[in-house]
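Look for chain A in each of the two complexes below; its partner is chain B in the first and chain C in the second.
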Partner chain A sequence: MKNIKGVFLPFSALKFLGKKPHTVRYPLEKKKTAERYRGFHYNDIEECIGCGTCATICQNEAIDMIKIDGIEPKKGDSGLRPRVDNGRCCWCGLCVEMCPTGSLSLTDQYLQTTPDPESFLLIPGVDHPEYGEHKSFVKDDEIRLLDLQRVPMRELDGAERVKSFAEVVLGYMQEEARREASRCVDCAICVTACPDHMHIPEYIAAIADADDELALKYIYDNNPLPELCGKVCTRQCETVCAISHLGDPIAIRWLKRYATEQFPDPAVILNPKIAEPNGKKVGIVGGGPAGLSAGFYLALRGFDVTVYEALPKAGGMTFAGIPKYRFPEDSLDKQISYMEKIGVKIKTNTRIGKDISFEELEKRHDALFLGVGFHVPYRLGIIGEDLKNSIQAVDFLREINLGNKVDVGDKVVVIGGGNVAIDAARVARRLGAEVTILYRRRVEDMPADWEEIEGAEHEGVKIVPQGIPLEIIGKDGKVAAIKYGMAEMVPDPKGGRPRPKLIEGDEHTMEVTSVIGAIGQEADYSFLPERIKEKLEIERGRIKVNEYKQTTIDYIFAGGDTVNRTMDAISAIADGVKAVEGIERFLLGDKNK
Partner chain B sequence: MNHEEHIINTIHTTFKSAEAEIQRKGRLLIRLRSDLLPAFVSYLKNYLDFNHLVMISCVDWMEDNQFELVYHLYSYAQKVHAMVKVRLNRSQPQAQTILPFWDQAGTYEREIHEMYGVYFEGHPDLSEFILEDWDDIPPMRRDFKTREFVNENYEWRKGREDAQDVRRTISERYDEKLPQFNNDDKANG
Partner chain C sequence: MTQVEKETTLYLGPQHPGITGNMMIELKVTGDTVQRAKTHVGYLHRGFEKLMEERLWMQCFPIVCRICVPEPDPNEENLARAIEEIEGREVPERAQYIRVMVLELSRIASYFLWMGGQAGSMGLYTMPQWTVGDRDYILDLFEELTGGRVYHMYIWAGGVRRDLPDGFAGRVRRVLDYLEERLTDYDRLFFQNALFLKRSQGVGVIDKDKAMEWGVVGPPLRGCGIAHDVRKDEPYEVYDKLDFEIITHEGGDIYARAMVRRREIEQSISIIRQVLDKMPGGPVHNPGPNPLKWKLPAGEAYVRTESARGEFGYYVVSDGSLKPRRIHVRGPAYVHGVSLLEKMLVGANIADVSVIMNSLGTCPPEIER
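Now for the complex of A and B:
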């Protein structure tokens, strides 16, 4: 019996043929990599802004920033993209941890076999786009090397603010500024958005390195009114800041303010070299940011500069328009006195066409720069507009800033949604009135800065959105009430912002003591003689200029609100700085030739 | 009195100049003069049961002109980790070996000697360890210029010449004239 068993036993092994094997998987299944495995890179090309932080942080110098076909540089994007030398990469993942947009990740792909060493240079996202499906090591919210939270700015409390015109924002202390500046990754994406292309990463790095003097030098290199910008700039730089993609942008504006506030007299630190007088005379019409900037750098380059200003003080809208709680007069005085030290002559209370003729101006100077701004308000175009106490915001703000008294009563309505409207509302609030803002679109459509809108709300300003003024009702020749209708938003057939459409019958009346209109301004070119006006190309109220801010009359240059559409201080300064180059070329010839 | 405080009190009876702090439960930090080191670690080992030498590391405090040796010791009996830190003069870094108490200390000391140039008195063999024919300054010192060394000794991969500098790309595109402020400017104001 034993022998027979020995013959059949081997065949019993056949039964295993039908069993599922434990070890060999067939067909071959790929093994899953570990969680958060760090393989080849993948970059979301659309999300990447080309800030180069990955290349900077790489300890192996494995990452290059290169130009790629089809990706154009634009505001907030350098147009470059990273390329990884996988022969050097050690897959530490620092680039992913530091990526401010979160576009870069490591995948679970790790196979690349080739005899060609050049093929190890891969552009993540362009080479092997299919890796996008295999992201494995992505940015983790718990471990982050970037500091995404802004150092908070100290401000006066809303209830305290309305009692006076004291400055609302208190500014950074030294330690706060250093801490905030240290959050910056030095990528320079902000420079793409600044109309004046200030040297932002350089001065922020200087502040972080505790070298405020160096910061001031970088700041004054192409902006002679930095304290103004440090307080009221529209800061387009912050909207594109690399850190803003995942966190709070660097407080670029407050850091500039910090640097300028450290030194009571910039001349001591900067000690600028003023060129020998070159005998050329330039006249500047309008002492706003554009005119002052042009004047400052022209004076530094040896030109004889005279600024003609109609108001008792230079500064333009920054003096007459911006309320003192945002931009105190001391700050302005400090900057103007520095300009005068450089040699800019400022003739105040001099209106062209009244105190001095345009012909006289042409005779006195070799070139002229027009920076007259937009000071004439648009009319509301409704019944009752000419009643007493129906005033315009720009006039109202100017009178207040000049130190005059304006009686607005105790119930004010401001019409408009821009910064001028908010300024007027907050000033009226400080005069003790109850203030309502009537705006025809939604709050989110307001062109004013959100901080301003928020500030107004904190101070107790009421905002009525989607309200269209219909009629100002008077009593004894004075404003007594305003009638307005509610509007609904309808899409714009041309693809613009949604438009407000009046809802029939939904009308309200509000009792008010004053109506302040703030729906925009335009320029007043009445000081120009006819022969000049004919030759100047003026399009929709704006003078046309070339790249160097030269108008169609070769000796006349222009800048500021008169020329650009962004209509803010920094664009005006940029125009002024650019015009300096143009005027220099025009009067002294192109040095490069 | 808890465990760690008890250890500190015991240490202070003999080593009055040692600065000790409890970092957290089960973790002590002790700073001390470098010449007391062998006596101190021997004391920790023999009286207080710190019989495991975890490792020795070195920190380059270039700005203070000092090196810092950190001895990590562990006591299984008391479940306490002790970090003993001593500072050395960076211009002439010398320490005494602790080889008599732990044999494995020899390897750490030899490596620190090679990477930082700290001389351990009493160590029998401080010869070449990992580096071959090294005639530069010790490479883990912070003033060793890694990039220069790499550029002199290695070739860069070809095909990377098209790399762009982000800052320069942006300033060129927007015609931003970046000023250079050199140190002379700074000195003169």
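Now for the complex of A and C:
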């Protein structure tokens, strides 16, 4: 034995017999896991919106989205929740990293012993709610896979804007649009929020994929006025965007705008197939978004369509109301010329009830669609309202949009807090006046779009909140000043939003050259004969319709502001699209039969 | 004596002491001498390379770590670096230091597993008890850093997935100090053990002149006295900012390979300490596009790391789409555990088969992928 040392050295290990073992011992103590441990899932059911991004990213297909009792689908929530198959999951945690709401996490729980394979299916948050106390691997605030920041939109600066009616928003460049579109997770939560259920994820994906033509095709599938929506839509889709929970929503509206801007003539790209004429004639009263949308798809399906419009141009409030710096006239013209190209006949300067009688209309057509909008302004109901230079916002905007001159003087007060009030104020700024908005409630209560409010402020419009007009003071039959009282907000006994209540004695007077009222509009149904009015069900100024926009008179359909309370273009478009289905069924019968 | 000379077939495996995963060796023996050896793999083929062609780029990360159980991290690092190279994405310096720390910790953990396996194959069963226990201290660190003990899914494109937890560096140092101290015990029990010396010196010799030609890499190559180490030859991450020399040992036998690994444990400890001293602050991740819409620009990259078993390479091809066109993994285990092993077993004693197999760092899950 040459290597004596090598024989004896190993015996030094014997000393460990007397040492305390460093590994786990019996009786078994459960090991405390690390703070970031990736164990079983937990889902904050209330915060989860069922977008399914977790299921999309999981490379093991360990997640499926299922319906759960007690959770109903609603705007911004699919009503589904993830179910994890613990037999497939590898606890990589990519689902946690990708969760747009941050509701999903992994816990420190890792023991499951069971002979029942079904029990490997876990609905996080529903099964084992106690895991909520054991969250360990959670989203990180710094390190994100999702891109939460919107690509900023370029705009004219405030001082430049008030000099003209040039368009304020400049639109995305190609690279910007691709980048913005790439932020989308394709969850389609937005589709349910859009009144028209546009194919949003599809057209966004097409833009991200550099296929703008495909995007345009998806867009025109159920919206013939995307130029309009791309510029001024109220974008209910964006308010529910999954990404908006932790970041900026995808700029869905601007992406639609981008797609439409790429093609000067949509007909070239879409090359629409127009069905053979089917011999049926449809008359449309009102050339607003509702009427035009119905007309467009009816014409595509072979109907003989005529739109009757009282004003010199179609477009409705999007022509006569929305100012040109938001929706330029050439965009409107582009849409209308495409309509006419596919065969929609538009008769302008034709008011039904005046130029053509309703009876005549009934004779000419097999079915009618009413999209007459709300064009009669509410009166303020205060002394001095009939003075010269006390005007209504919709009249003011219409005159300006028609190219007529309106002299508002150099100090204007606008009364109201909605989009119409803001539009009137910003237009008056462009005419060179100093402008103040007087609004009954707080700024945060204003129904106007926050971007619009911000835009007005950038342009130097002053806002006086909690101010209630009391009287318009005149001089020589003309507006000279407005008297208003300040209000405090008191809780609504019925549980609604707080109401303004005048503070006794807190009254002010402001010298002004014009007062512009913008507190709402209603419809003018005077063109309808009595026998029709009797049969039509009209509730609080709105015509009642069924799911296919059919009124209580079977050959009359209706849509847009005259029907729905949302009072925006996309709802009007959706009504028009839906009515096409109704009219087709009514005139041609159910094709499937 | 015709009975003794008769050739018999012996099937060894697919289970082996000290080897992660399964493979089988068909031995033709006369007496207790191996005449020919044929490896049979196929127990562990999961088709990862093909699977990845149907996965988004981000989804590949939870897959690649599974290619090698004892040492998943070089896979993650390779894939991340190949992608970054194709994309031209910068990795923050702090993340590069963290990556080196992770790679070296995983090297130590891997060597500890090898030590247990190597000793176990010689019948020295105290060793696996010790090494598995001590390796767990490193796994504790991994659990704390990444949330997973074995599969870390921590290194990803653009950096790493989380910053170090508070006080983590101190805990790393404590574990390093402990392991360094333990090396003396391991020397006494194993590296200086007469039995180990007897069974390793002059056994399983790789011909130095043939080693390069056969594609031998890592400790088996350095155990032939050839200084080849990717960390030095083609430094990646921040290896060029760290002070270390390539470790070699002459002889080409099991002992030489063991000594290379033994000294490299100390070397890794030293590298990690330097990393902790030099690690700058700053971000640990340079974000890329939304993983669901992430198209890697068309292009290809071949990257390599020095893993515990030797040079580990990834060839990644992108056709500019959402998914890889091809990802090919070049691991050392295929060369060592299949073609080299079959050559080396000729003439070996049956009792040495497992010992040789262990000494080459054979890893069936990596062979088959």
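By our rule, the second predicted complex is superposed on the first by the 561 of 593 C-alpha atoms of A that agree within 3 Å, B and C clash if a C-alpha of one lies under 4 Å from a C-alpha of the other, contacts with A are read in each partner's own complex, and residues count from 1 in each chain.
Here, a contact is a pair of C-beta atoms (placed from the backbone, for glycine too) under 8 Å apart; a residue touches a chain by one contact, two chains touch by 3 or more.
Note that the structure is a prediction, hence the values are computed from the model and not measured.
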| item | value |
| --- | --- |
| Contacts of A:208 with chain B and chain C, given as first, second, both or neither | second |
| Which superposed partner A:34 touches (first chain B, second chain C, both, neither) | second |
| Partner chain(s) touched by A:278 [first = chain B, second = chain C, both, neither] | neither |
| Chain B versus chain C as contact partner of A:86, first or second or both or neither | neither |
| Touching partner for A:3 - first (chain B), second (chain C), both, neither | second |
| Touching partner for A:118 - first (chain B), second (chain C), both, neither | first |
| First, second, both or neither for A:147, with chain B first and chain C second | second |
| Contacts on chain A seen with chain B and repeated with chain C across the two complexes | 186 |
| Parts of chain A lying in touch with chain C, wherever the complex brings them together | 1, 3, 5-7, 9-10, 12-13, 22-23, 33-38, 53, 56-57, 59-60, 90-94, 97-98, 106, 136-137, 140, 142-147, 181-186, 205, 208 |
| Chain B - residues contacting chain A, complex | 157-160, 162-167, 169-171, 173-179, 181, 185-186, 188-189 |
| Residues of chain C touching chain A in the complex | 55-56, 58-63, 66, 126, 133, 136, 140, 143-148, 151, 153, 161-163, 165, 185, 187-190, 192-195, 197, 283-285, 287, 289-293 |
| Of chain A, residues touching chain B in the complex | 50-52, 55, 64-67, 73, 78-80, 83, 85, 87-88, 117-118, 120-121, 186-189, 191-192, 197, 199, 201-202, 213-214, 217-218, 221-222, 268-271 |
